[in-house]
Amino acid sequence: MSSIVNHFPTDDDKLHEECGVFGVLGHKDAAAFVALGLHALQHRGQEAVGIVSVDKDEFYAHRALGLVDDTFSDGEIIERLKGDIAIGHNRYSTTGDTLLRNVQPVFADLAFGGFSLAHNGNLTNAATLREELVQKGSLFQSTMDTEVIIHLMAVSGQKDPLDRLIEAINRIKGAYSIVACGENLLVGVRDPLGIRPLVLGRLSEGGYVLASETCALDIIGAEFVRDVEPGEMVVITDQGIESKKPFGTSGHRFCIFEYIYFARPDSSLEGHSVYEMRKNIGMELASEAPCEKADVVVPVPDSGVPSAIGFAQASGVPFELGIIRNHYVGRTFIEPTDRIRHLGVKLKHNANKSFLKDKVVVLVDDSIVRGTTSRKIVEMVRAAGAKEVHMRISSPPTAHSCFYGIDTPSSEELMANKFKVEEIAQQIGVDSLAYISVDGLYRAMGETARNNDVPQYCDACFTGDYPVELTDKDNDDGNGRKVAVLHERQVKSR
Amino acid sequence: MSSIVNHFPTDDDKLHEECGVFGVLGHKDAAAFVALGLHALQHRGQEAVGIVSVDKDEFYAHRALGLVDDTFSDGEIIERLKGDIAIGHNRYSTTGDTLLRNVQPVFADLAFGGFSLAHNGNLTNAATLREELVQKGSLFQSTMDTEVIIHLMAVSGQKDPLDRLIEAINRIKGAYSIVACGENLLVGVRDPLGIRPLVLGRLSEGGYVLASETCALDIIGAEFVRDVEPGEMVVITDQGIESKKPFGTSGHRFCIFEYIYFARPDSSLEGHSVYEMRKNIGMELASEAPCEKADVVVPVPDSGVPSAIGFAQASGVPFELGIIRNHYVGRTFIEPTDRIRHLGVKLKHNANKSFLKDKVVVLVDDSIVRGTTSRKIVEMVRAAGAKEVHMRISSPPTAHSCFYGIDTPSSEELMANKFKVEEIAQQIGVDSLAYISVDGLYRAMGETARNNDVPQYCDACFTGDYPVELTDKDNDDGNGRKVAVLHERQVKSR
Amino acid sequence: MSSIVNHFPTDDDKLHEECGVFGVLGHKDAAAFVALGLHALQHRGQEAVGIVSVDKDEFYAHRALGLVDDTFSDGEIIERLKGDIAIGHNRYSTTGDTLLRNVQPVFADLAFGGFSLAHNGNLTNAATLREELVQKGSLFQSTMDTEVIIHLMAVSGQKDPLDRLIEAINRIKGAYSIVACGENLLVGVRDPLGIRPLVLGRLSEGGYVLASETCALDIIGAEFVRDVEPGEMVVITDQGIESKKPFGTSGHRFCIFEYIYFARPDSSLEGHSVYEMRKNIGMELASEAPCEKADVVVPVPDSGVPSAIGFAQASGVPFELGIIRNHYVGRTFIEPTDRIRHLGVKLKHNANKSFLKDKVVVLVDDSIVRGTTSRKIVEMVRAAGAKEVHMRISSPPTAHSCFYGIDTPSSEELMANKFKVEEIAQQIGVDSLAYISVDGLYRAMGETARNNDVPQYCDACFTGDYPVELTDKDNDDGNGRKVAVLHERQVKSR
Amino acid sequence: MSSIVNHFPTDDDKLHEECGVFGVLGHKDAAAFVALGLHALQHRGQEAVGIVSVDKDEFYAHRALGLVDDTFSDGEIIERLKGDIAIGHNRYSTTGDTLLRNVQPVFADLAFGGFSLAHNGNLTNAATLREELVQKGSLFQSTMDTEVIIHLMAVSGQKDPLDRLIEAINRIKGAYSIVACGENLLVGVRDPLGIRPLVLGRLSEGGYVLASETCALDIIGAEFVRDVEPGEMVVITDQGIESKKPFGTSGHRFCIFEYIYFARPDSSLEGHSVYEMRKNIGMELASEAPCEKADVVVPVPDSGVPSAIGFAQASGVPFELGIIRNHYVGRTFIEPTDRIRHLGVKLKHNANKSFLKDKVVVLVDDSIVRGTTSRKIVEMVRAAGAKEVHMRISSPPTAHSCFYGIDTPSSEELMANKFKVEEIAQQIGVDSLAYISVDGLYRAMGETARNNDVPQYCDACFTGDYPVELTDKDNDDGNGRKVAVLHERQVKSR
């Protein structure tokens, strides 16, 4: 029968960042700047987007599923978001059916007035805190971590909004970069280890900006001031910036995967150019795992391009576009037949046939997650006539799940968790396969090696060394309070 | 200049009921029955509609702006609302911009599990309770009264869900008919004075029904069992019905305006046929304020028809359709010019010109609120050539606002609050005007007169005698805590 | 299995008019007036609506599925329809899937300039003409009769647009009221027998109006001038009105069913008030087929109301609203189960239970088509406790299909074509049934009887006497050229 | 005042191909394959898309504005497009307001049956033919060239559909690649000079494919058979392929700009790999206009990448991603203020700041049209700290408009038509600027030089040498028949 419904596995073999955040204080075009900033951060989340602005004591919000431009390119919507303070959020959701009430920023009418908040990252004790709050009478409207923070603020005994926020943050654990706003107030917070990024910028006409990456400062012509520090809370008002460190700091463990894959190559984070770090990794990889007989170095576009350039430069093998990416990929196709389903991967990538014929090819990619896409790409390159296919990966094997804001499959689905490198090579069908080593990765970052006592980065996905306690995961005996779920569909029929 | 935007004043001169409620337990088609019941109750609210169903411990919801049929005529949506328990709600909203999060039923994940609730009516101490709850840390997501009830349940110290509901209801004041559902549970509650209606029905195949009016039992072929009593809580489970009276009762003051205008003429409420009561009022009016020289009795359609029939039968003057109503009136026209704006009233009503010419006409209508529509209708009837126009109103003068669930203009806008009957007659341009007297109204209801010591009905809109304390109104010194408002637009772009 | 999809048979047992037309010349608010006029004519067609306006030599169009108000209440849309000439059309479609390209008015870029046209009615030689035109090279874009007329204009050898129109109309046969516009030109045409209505009106500020019924003049405050005459072409320009009769006339056979059911009761057509004619029919029916023992006369709302009033007045039996109609009926419900499907008729009508109990009821309706609705209504009235149910129909038996613009089922589906009156009575379950006689109907219209030699009206649906040749039907040997059909779905995704 | 509405000039400085076409015969998944093929051809047109399928003598169509995936990823839509023959079309429209009736394929009910047709290219005598057809009575429904062809078929005296098509094509002039289908028939036609591409492919399971480029064969796994030849008509039926040359051929002048910019780099056209040709051009450019002191070769992404790789390889200067492109650019932003408008170009491109600092940069782009984007990109690269900026363009100066299917601005807007190379260099702010020479371009294509007597390609946009007569342009004295235009908005409200 020909009516089997199927979704093409387009990007499901990539890890996904869960969010991008952006905030502005002190400019009459605050909401427009937030829209542009979120546009520049679109790679960090494509499923939903929201902006909240503040005009004196009135708050304005607009949320939508889909891309930033789908909604916020409309000048009328921007004009409705009044005020010179605004924050915004791009969401990547792990569930198929994102509900609008799960779209950040969250807003609440607290005893002292309105408050709104968005964050990038993941709390590792959210379920535990939620249960405690519900038992005391808090009503949750979403299934988002973020709502836990605002409920903690609501039940805080503190008078001052900032004291409530500090009290709330002292309760949470995990990785989080928060932007928040209240009346006359923009706040940025980074978790004590600084796992997720957050940068501070300044507008030439006055006004401050908070953003997940520097590329979002560039788009609005804002000047980069500095990274917000691990465990720092920056409080921005018309009077300027105040820095606090009320949470304690426990080191500096920035997510190394931001350099490998998540961040945009034109961003600089923690003092490093992302593009240069990727090229460095490619160069290091060429020296760790060269392929002398190769005719061409071919990136798996787009993420593999910078390390392939590095690999090519270091090895002297020419860099070529042997695989072309179609950028018009929208919704996944729902296809009626098996015959067509198997064509899946080609929606996005096509081999440059006439070029690959009879070549010894080095494919450079950033990671292998489940291995499904890699296998299809190798197959496609072989079908195009390549003589040999060698794969080089610009990260160590991804063998552990992330609990700090990246949407990783469970460890059973991670190929590197189950198989040795040689087995993986065989399964994806390459003539040789090499990953960069953990120490090689650290060398590319400018270190001499990983400091195993006090590692310089969070590399839990490669090493299993989790720097923040996984409370919910550890507590999960299967007997906890079950959340009563409302499966909701909302329709705005007019 | 020709681009003044204007909304035609279509129905703005009518009072509006704020809601209809409906619930079913014990039938696999529960959600479909709720959709049909809400369809039959559509006259009680046309701006939004929602249904929540319960299947074991899973809850399903669907809410939409617009009419029941716009959304719930879709069989696929109904099938998604699983389970044999369901409740639903039709909303009439007083604000122009109804948000989906303000659409009932509300749902909450409470410590004991899920719970959902909808009500028809209005709480007179909602703002006071909300302020108290926010101070203690409750986060409100809507501006609905209904959310107060569920927060009161959330912070209750009681273990049992029903005990929490009883504790919550003991805190609220006002007029309310509630339907609620939890796991294996359907609950109906009427306020201690029974101001708003709620009836209980039974399905022939088994299963119980709660509805605002009996016409909603008819549509699904359910048998009428009895009215829920003032101050009664009926708890319906698979084991049957249990009746409780945990709130105290303080009399019986059913809203008399339900008979005059709100309820559907084919409903029976509190033992009276609505159609017969309206005809009785018309007859009583004919005897109190006859018009011997009249050639025809003409109803203002549709609400004036039953009392006009009564008036005609009692007076012997023929009943005729002198005004035709266009039932295809949808959105209000936004018209570019003054010239066209003045045509407004004709979108809905047209005089039966050839018929009214040279006649002495008795117009029968149910009420005069601001007087704007009445003036235009009289003008239209005169323009059609009527020799004389006499107006008879099947209610006493509406001189006081309702705080019990009816959307009334402020008393300054009520014509009868500012002017004497003769002044009103002059302003709307009639040759004579008469309202039924308060005692006449009670006589039509089968009483000998209004019992001024313990009145039989709530007639506050006519008499100003408010049977339930107006806490919020009395407390309103303008210095209360201000609610931080989020002006939100949500868009589901895919 | 519970997933059978079904549409409730809401109005499928009524005959449907296929269209309403409206045109204005000489007022800057032309398009707004057309929108209002079409609103007043909404009862003549609810599936689609279109307006074309002319501003010098530029034409503007807007078409949509659904009701007039759904689209044209939007002032911005109206403002885009520039110019002081405009025509519009309401469509009732016989196919489930109305396509926008089948929505009138049609427009064409002819050799002399633009021209637009809409009509109410049906051509009886459209297929024959279409085949001839296609053979010569005309490309049809729709399946509408109306497109035949504009193609005939396109291939005409005449120079002058009006001469082309006259030539085209001389080729067509059937019943048609046309409104058309070109540069500086509004044209109205009625077929030689005047089967379908068309009236001429004047705006007080200057400017002329053409409309299907007078109720559409009332809504914009236009003065009724006269009916357009059978076979007349009125040509309206800035210079005034010119009347032509270039088609020959062959009598005067206005559709008598317009009085019985289609037209709005507040319209006057051909010198008669529709409301009065309906009351007269009810009175005549009361004298032809009285029911002395009846307790109440109950109309099937809304169409049966005027004749029920006439019946009640003539018979002295009180008129009562024994059946209540729900006016919020929108889309038909798609219901998952048989159990619910059987509830169908109640979506629209409900018996006034407490009132009908133990009564002898005379039900008055305007016609019986397939009999399905009648049977359900009788059943409902009996279930409400009526002692006896007698039905009186304000038209003769509908035994023949209409080919002149009314959507009638094939004759095999017409109950009166297959059964005698007594058989019908038995099948719909009444104690007695009577239709008005053909001569009685003519008496109600003010005639002494039907003039069988030269009948005063088109009554083909009752008598089978078709006044215009049925060319397509007579030619249909099943061997004609087959139309190549494109099944199209269009989506405007942005 | 801050409310000036503006569209960011995103891609308006690129030339746009007007269409992509695709057809399949002989596979049950025909419509699904067409959807996938159009997905692969999305770069040739992004504004609208349509598919027509044929199942015996029934035709099915679906058209929509927007991208292929927006509509045709829906399996239900594909399943409605029945039959084993289908054709489709991607449209790039030059007008802001694309109407659905201007979306191809066109369909017509001709005397012999249904026929549907789509084309890529432009007719140079369409207006002249349209005027002639309208004078004889043809009614045009669109403003598309394509409709002229089908009207010529309709009025043809020939009996056989193919003879009609041949007669029609013999009347038209211009550049066109046509796919068409009728009952049991798929047809492909290329214009006598073969200006636009069209390739033939075969499915492994049987069935044939026509496509604008080979990349669309790859996506469905079809084997490339050969290019359709200039002036060839291929007629595909269940019996196989028949080739005809009924139009005469006049040489071979394939559009050279397809290699420079339009075609996808993974396509092979007329025996050349597009990617290799681009690299060759970059190499040739490096030899014609080297830049010895350069530190880095930076492409303007994405179109400049292959020639930049060629330039880098030939010159030994490292290739680097100095400019990052954001692929999530959707609708153009409508921005409220000047301040924000000036940020425009950054929506799509951002300089890789940390990398460009103090570098001597060679920017490689494919063309300069108006020069606006180039100026902004140079500005951005300088702002990032580049020491010198040298620009190299992989095409000769674009000094003439295209009349063969490419959307070019009028010649007055073409920078190279008004200014010398040095002037352009100054205006866009570069330290040096060089275009490849015409002969250099031909050398890169494998020729020794342009054969000025019988040029090997169409290069009219560079040389002004137009190989096909520009009838409409030459006839345009401003006194021709004016087309009566209907400005239409259609809304499908349900």
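Which chain is which? They are A, B, C and D, in the order written, and residues in each are numbered from 1.
The rule we apply is simple: a contact is a pair of C-beta atoms (placed from the backbone, for glycine too) under 8 Å apart; a residue touches a chain by one contact, two chains touch by 3 or more.
Just so it is clear, the structure is predicted and the values come from calculations on it, not from any experiment.
Trainee: Look at all chain centres (mean of CA atoms) and spot the one farthest from the centre of chain C.
Mentor: Most distant chain from chain C: A.
Trainee: Which integer distance in Å separates the CA centroid of chain C from that of chain D?
Mentor: It comes to 50 Å between the two C-alpha centres.
Trainee: Could you please state the distance in Å, as a whole number, between where the Cα atoms of chain A are centred and where those of chain D are centred?
Mentor: Taking the mean C-alpha position of each chain, the two centres sit 36 Å apart.
Trainee: Let me have the rounded angstrom distance from the C-alpha centre of chain A over to the C-alpha centre of chain C, please.
Mentor: For chain A versus chain C, the centre distance works out to 61 Å.
Trainee: Give the residues of chain A that touch two or more other chains, as numbers and ranges in rising order.
Mentor: Residue numbers touching two or more other chains: 70, 331.
Trainee: Chain contact graph: line, ring, star, complete or other?
Mentor: Per interface graph, the chains form a ring.
Trainee: Pairwise, which chains touch?
Mentor: A-B, A-D, B-C, C-D
Trainee: So in the complex, the part of chain D that touches chain C is made up of which residues?
Mentor: Going by the criterion above, the answer is residues 52, 57-66, 70-71, 77, 80, 100-101, 107-111, 113-116, 134-141, 150-151, 154-156, 481-494.
Trainee: Chain C touches which residues of chain B in the complex?
Mentor: The touching residues are 2-3, 5, 28-29, 32-33, 35-36, 39-40, 42-43, 46, 67-70, 72-76, 78-79, 205, 214-215, 218-221, 264-266, 268, 273, 275-276, 302, 305-306, 309, 313, 318-321, 324, 326-337, 339-340, 343, 346-347, 350-355.
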